[in-house]
C-alpha cells in the first residue's frame, strides 16, 4: 500500500469527523422532533434536562439507556439478536461519509456515490430483519416481514427517482449531481423529488409508513424484545436515517451548497436545506394517520413506480433533445 | 489515497462505536436475569406455540416484484452515464423498450391480481 | 421474469452506427420474443380471448419458421451475419445452415407444443395464469432457443441460453400440483447450478482468450500458451458441465424424470424437444471453436455420452410411466446426441445436430400421442391410466392413426426401419466416432443401440397386443382438432424424413 | 493492475460455492452456493475488464448480464416457491429432495 | 425397372394392408399378397436374366444411394427369396394366422421379402445395412404376435432375443461398414470389391474384418452366437420359420461374402481361421444338440446351425471352391430347411406340439405325403449324394482340406476332418428323427395328410431339393463369374 503517516492521520481524522457528525446531527433532529411535535400538538415538550428548553433531554435519555439492563430472550438466536443493532446503525454512518456537504467538505468522494449511498442504506433493513428473525417472537417476525416488504416496494421508486437525477446530471457522483444542478430542476424534477421523499420516509418506517412497528397490532415490530442500549441503537439509526435521507434530498434536488450566498456559506447551505427536509419529515409524522399495509403497497406500485417512470421518461427525452 | 480507504475506516469506526457502547453498557448496566424476564414477550400472557411461526407467503410477492424491477437499476445507471454520447436517441429507445416490457409484466401481474392484498 | 430477460436481450445489441443491424436475420428470434410480449398485452386487454392468444403464438412461430429459411440456404462458410462490430470476427450473431436448422427445430417443436396445449383441449388442466401465460412462456423460451443457436458472443449466448431455460421452469410449475412443484424445484435447482457453471465458464473463457466472442482464432491462440490452455480447458469443462445439465447428460440428469413427470405432457414435450435444441445449439456454439482443443475435452464428452446412454437406457427399460420412460430415453438420446462431438471434427457438429433433430421429431410424435391418450376420458373412470404402459394396449388396432404414429416414433427412436430416420441418425452419429477411430466408444454405442431397441420395443409390443387384453383402454372417439394438427404436423415430418432423410440432413450442410 | 488477488479471491469464492452446491442437500444453501459461484464469475469478469484485457468492455457488460440473469433466476425461484407453498401450505425448502432418481413412480 | 418393380410391389401392398386395408378378409389379403409376391418373383426372374442396375441418389449428405444390381452371387439368393416369398404366402392360404389380423400377417411376410430382396440387390454398403435392418421389425412381429399361440412369454422372449441379437450384430456391422467407408472413401460395394482393400493397412483391415464378421456372425448364426435361433424357430409360425431359415440366415452369409471377404480380403484372412474353427464347432455342436433335442422345430434349428457351419467353413477356406461351396450350401440349406419347416410346422399343427415323444401315428402309415417329404428333407439334410445338401457340404470339406495359400493348412485340414465327422452326426440325428416320427406301426391317433396349398408348397420344395442335387451345374455356373472376381481365378 505504501501509506504514509500523514495519510493515516488524514483517514483517521475524516472517520472521526464523520462519527462526530453522526453523533450530533441525529440528536439535533431528535430534539427538533421533540419540540416541533410538541408545539404542533399544543404542548411544550421537554423543558427541564440541561436547563434551556430541555436541550439535553436526549443526552439524558442516552445515559438512561446505558444504565438499563440488557435482556436477550432465552428463545432468541443470541448472536444474531445481539449483532442486529450494529447492522442497522453502521450503514447510515457509512452513507453519511459519502454525502458531500460541499465540494470540499466530504469524507469520501466516491465516483458513484449516489449509487453507493442507495446501496448502503438498503443494507440497514437487514438489521431490522435480523432483529425480527432472531427475536423468536411472532410480533417481531411479522414486523420484520412488513419492514422488508415495505423496503422492497419503496426501494424501487427511490432508485428510479435517483436514476432520473443522475440522468439529468450525467453523473453518478453526488458532487457531480449537485454541481450540475440548476434552479430549473425544482420544477423539472419535482415529481421525482416527491417520489424520493415519500419513498425515503417509507424506508425509514416513519409515520405514516410505520406499519412495521404498529404498536396497536404488533407491539413494536421487530424491536419488541429489545431493551436498553441495543434498543437505543435502533432509535438512533432511525434518526441517523432521517439525517442521511434529508441531506441526500438536499444534495439531489435542492442543489446542496448552491444558494444565495454560496461562496460564503457553502456546506452550511446543505445542512440548512437538509434540516428543512428533516422538519418536513417530522411534520409528516404529526400530520398523517398511519397507512394500512395494503394501502401502503398499492401506493408504491400503482402511484410511485409509474410516477418515477414517467419522471425518468421525461428526463430521458429532455436529455436526448438538449444534448 | 482512495476514498474507499476512508469508507473502510468509517466502517471500522462504526463497529468500534458499537463495541465501545456495549462495553460501557456492560460496565454500567445491572445484570439480574430471571426466567420470567427471559421469556418471549407476548403482551403479558405466556407464549403460545413455537418460537418461530410461519408467516404470510404473500410477502414473497414483493420480493418477487422487487427483483424484477430492481434489475433495471443495473442498466439505468450506466445508461445515465452514456446517454449524452453518440448512443443518444437509440439508447433512449432501447431503454424505453426495456422498461416497456417490464411494465407490460407489471400490468399483467396486476391484472392477474398479484398486487391484491388478500 | 421473462420480461426481464427478454428486455435484457433486447438491450444487448446496441443499435448504433457502429453496429450493423439486419432485422431479417434476427427475425427468427425477435418474432417469437415480440409475440411473447404481445400475448401478455393481449391478455391484459382481452383476458377471455384465450384462443386469440394461442393463435398469435402459432402465427408467430409459423412466421419464425418461414424466416429461418434464408439462413438454411446459406453455406457453412458463409453464414448470415449481423450485429457486426468493425473488428475481425466481430459479429455477434451468425446464422449458418446448422444454426438455422436448429432454429427451425426449436420453432417447429414449439409450434407442435403450442398446438398440443391449445386452450380447452385438456379439461384436467387448470393452469395458473391462464393459457396466455403458457403461450407467452413457450414463445419466450423458443426465442431464447432460436437465439442461442446463432449467438456468437458470450453475452447474447448467456442471455439467450437462460431465456430458453427459465420459462421452462415456470412451465413445469404451471400444472400446479404436488409433482409439478417438485419437478419445477428439481429443474430450478438444476438450472441454477447449471447457470453458475456456465457463467463461471464464460468468465474463464474471457480470461483465457481475452475475447468475448466464441472465436476459433482466439481459442487456438490461447491453446498455444500452456498457462492459458489450462484456463481455457477448465472453461470448456465448466461450460460442458453446465450444458450437460440442460442436455440431461449423466451425471447431471436427475431432474429429468421428475420434471417430465411433474409437467403436463405438452410441457414435457417442450422440455424434451425445444429445450434440448437450445441446449445442443448452445453446446455447438462452444464446441466449434474448440475443434483443435484435443484430448481432455474429447475424452470428457465421450465419457458423458457413454455413461448417459447406458444409464438412460437401462433405467428407461424398467419404467412403467410412458412419460418417465421418455424422460430416461431423453437421457439416453442425449448421450447419442453428443456422441459425434467426441470426435471434434468438422463433421461432428452437423452430425450432432442431425441426430438431435431426428430425435426431436420422433419424441414429439410420441408425446403428442401420449397426451392424446392421457387426456382422453377413460372407460372405467380411472384418471391416471394414460400414464402407464398398459393404457396403450392394442392402440395399433384400436386407433390406427395414434397407434401407427406412436409405433413409428418408437421405432425411429429405436433406430429400426420403418423408422428410417432414426436409423440414418444412428449412422450419422456413429460415423464421426468411427472415423476418429474411437472403438471403445463405438462399442458402447453398439451395446446401447441394442438396449435402446429393447426399451422402445417393450412399449411397441404393448401397442401390438390385442386391444381386449388391456385394462380399461381409452376410448378415443375423436381427437381434438389442434391436437390432430399437432399429430399430423409432427407425424408428417417423421414420415417425410423417414422416406427422404435428405430432407433433414440436407438442412445441415 | 495486478490480478493475482482478484483471481485468488474468485477461486476461493468458486470453491466455497461449489462446496455449498455439492455438500449441502438443502435448497437454500444450494442457492447460496450458486450465488457465490456467480460472484466469483463476476469478479473474474470485472478483473479482466479492469485489466483492459478485452475488446468492447465485454467484462463489464457481461457482469451486468450475469447479475440480470441471476435476478431472473431468483424471481423464478420465488415463483416456484410460491407455487409450492400454495400446494403444501408451507415454504419450508429444507426437506426438498434434490437427488431423487426415483425409478418408476416417485413417492408422493 | 424390374428391380424396382420387385421391390415396390410387395412394399406398396404391405403398406396398403397396414393402413387402408386393415380390415380385409383373409382371402382377399392372401390374394393380394400372392399377386404381389408372384409379380415380385416374375420381376426377379427377369432381373436375374437381364441384370439391370439402378442408381439413384437417396441421402446425398451421407453419400447414400439407391444402388441396386444383380450378379452371380446375389442371383440365386434373389430367386430363392422370391420363390419362398410366393411359397409362404401360398402356404398361409389355408391357415389363417392367429394372434393378429390377417392383413398384418401378410404385410409382415411381404415386408420381410421386400427387405431381403433389397439386401440382396444392394450395392451400397450403407444401403445394405439399412435393408438388412428392414426385415427386423416385421420378423419380430411375426414371432411375437403370430407365433406359438400357447405361450405368450416364450413368444416375447424369442422375439426379444431375435431382435436384440440381430440389432447387436447389425450395429456392430454398421461400425465395421463405417470404418471401411471412412478408410476407403467409398461405400460402393463393387468399387470396394475391385479395390480389394488396397491402401488400407492390414491392422485396420483386420479390425474392420473382425467387426464385420462379428456382426454378421450373429445373423448367420455362428457358434456361440446362435442361441437366439432355436427359440425363434420354435415359436415362429411356419411361414416365419421358413423365411427365417431360408432367407434371413442367408443374409448373414451373403453379407460375409460381400463385405469382409470382398472388401478387406487381407483382414479377412486373419480372421478366417477363427471363423473356421467356430464353424467347425458349430457343426459338431449342432449335431450333438440334435441328438438329444426333443422338440422337432428346435432340432431343425440346431441342424441349421450345423449346416451354416459348413457354409462358414467353405467361406473361410478362401478358395474358389470353398466360396462356391458356401454359396451352393447356402441355397441348398434354404430349400431344405424350408421344406423341413413346412413339414414340421404341419406336424405341429396337427399334433399340437412338435415334441418327438408325443404319441402319434407313424407318418409312413397314415400320411404318406408328409412322410415322404420329411424323408427327402432329412436325407438331403444329412448330405446324401443326389440331393441338394450333398454338393455344398462335400465341396466345403474339400475346400477346407486344401485351403488358400495364406490360410494355415494344418488347422484347416483338421477342421475338414471334424466337419466330415459332423456329417456322421447328421446322419445319426436324421435317422433318429426318421425312426421316431416316420417309422413305426402305430396308426392312432391319426392325422390328416398334406393337401391343397401345403402340398403344393411341399411339392415345389421337394422338386427343388431333387433338382439341386441332381443338377448342381447351373447354380454353380451362375455363381462362378462373380466368385472369380472376388477370389481371383485360383482353384
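Worth a mention:
Every chain is named by a letter (A, B, C, D and E) in the order it is written, and numbering of its residues begins at 1.
Definition applied: a contact is a pair of C-beta atoms (placed from the backbone, for glycine too) under 8 Å apart; a residue touches a chain by one contact, two chains touch by 3 or more.
This is a predicted model, so every value here is computed, not measured.
Number of steps on the shortest path from chain A to chain D, with steps defined by chain touch: 2. Compared with chain C, the chain whose C-alpha mean position is the greatest distance off is A. Across the assembly, the mean Cα position most removed from that of chain B is the one of E. Of all chains shown, the one whose average CA position lies nearest the global CA mean is C. Looking at C-D and B-C side by side, the one with more C-beta contacts is C-D. Spacing of chain C relative to chain E, judged by their CA centroids, is 42 angstrom. Between chain D and chain E the centroid-to-centroid distance comes to 61 Å (mean Cα coordinates, whole Å).
Between the Cα centres of chain A and chain C there is a gap of 51 Å.
One finds 79 Å separating the Cα centroids of chain B and chain E.
Shared interface positions of chain D, i.e. residues touching 2 or more other chains, are given as 68, 71-72, 75, 79, 86.
Multi-chain contact residues of chain C (touching two or more other chains): 1, 4, 8. Looking at chain B, residues 63, 68, 70-71, 75, 95, 99 sit in touch with two or more other chains.
Interface note: chains touch in the pairs A-B, B-C, B-D, C-D, C-E. On the side of chain C, the complex with chain D involves touching residues 1, 4-5, 8, 12, 85, 87, 90, 128, 153-155, 158-159, 162, 166, 169-170, 173, 176-182, 184-186, 188-189, 191-193, 195-197, 199-200, 202-204, 206-207, 210-212, 254, 257-258, 261, 315, 318-321, 324.
Here chain D touches chain B in the complex through residues 64, 67-68, 71-72, 74-75, 78-79, 81-82, 85-86, 90-91, going by the rule given at the top. Within the complex formed with chain C, the chain D residues making contact are 10, 14, 17, 21, 27, 30-31, 33-34, 37-38, 40-42, 44-45, 47-48, 53-56, 58-59, 61-62, 65-66, 68-73, 75-77, 79-80, 83-84, 86-88, 93, 96-106, 108.
Considering their complex, residues 1-4, 6-8, 10-11, 14-17, 37, 40-41, 43-44, 47, 129-130 of chain C touch chain B. Those residues of chain B lying in contact with chain C across their complex are 68, 71, 75, 86-87, 90-91, 93-95, 97-99, 101-102, 104-105, 107-108, 111-112.
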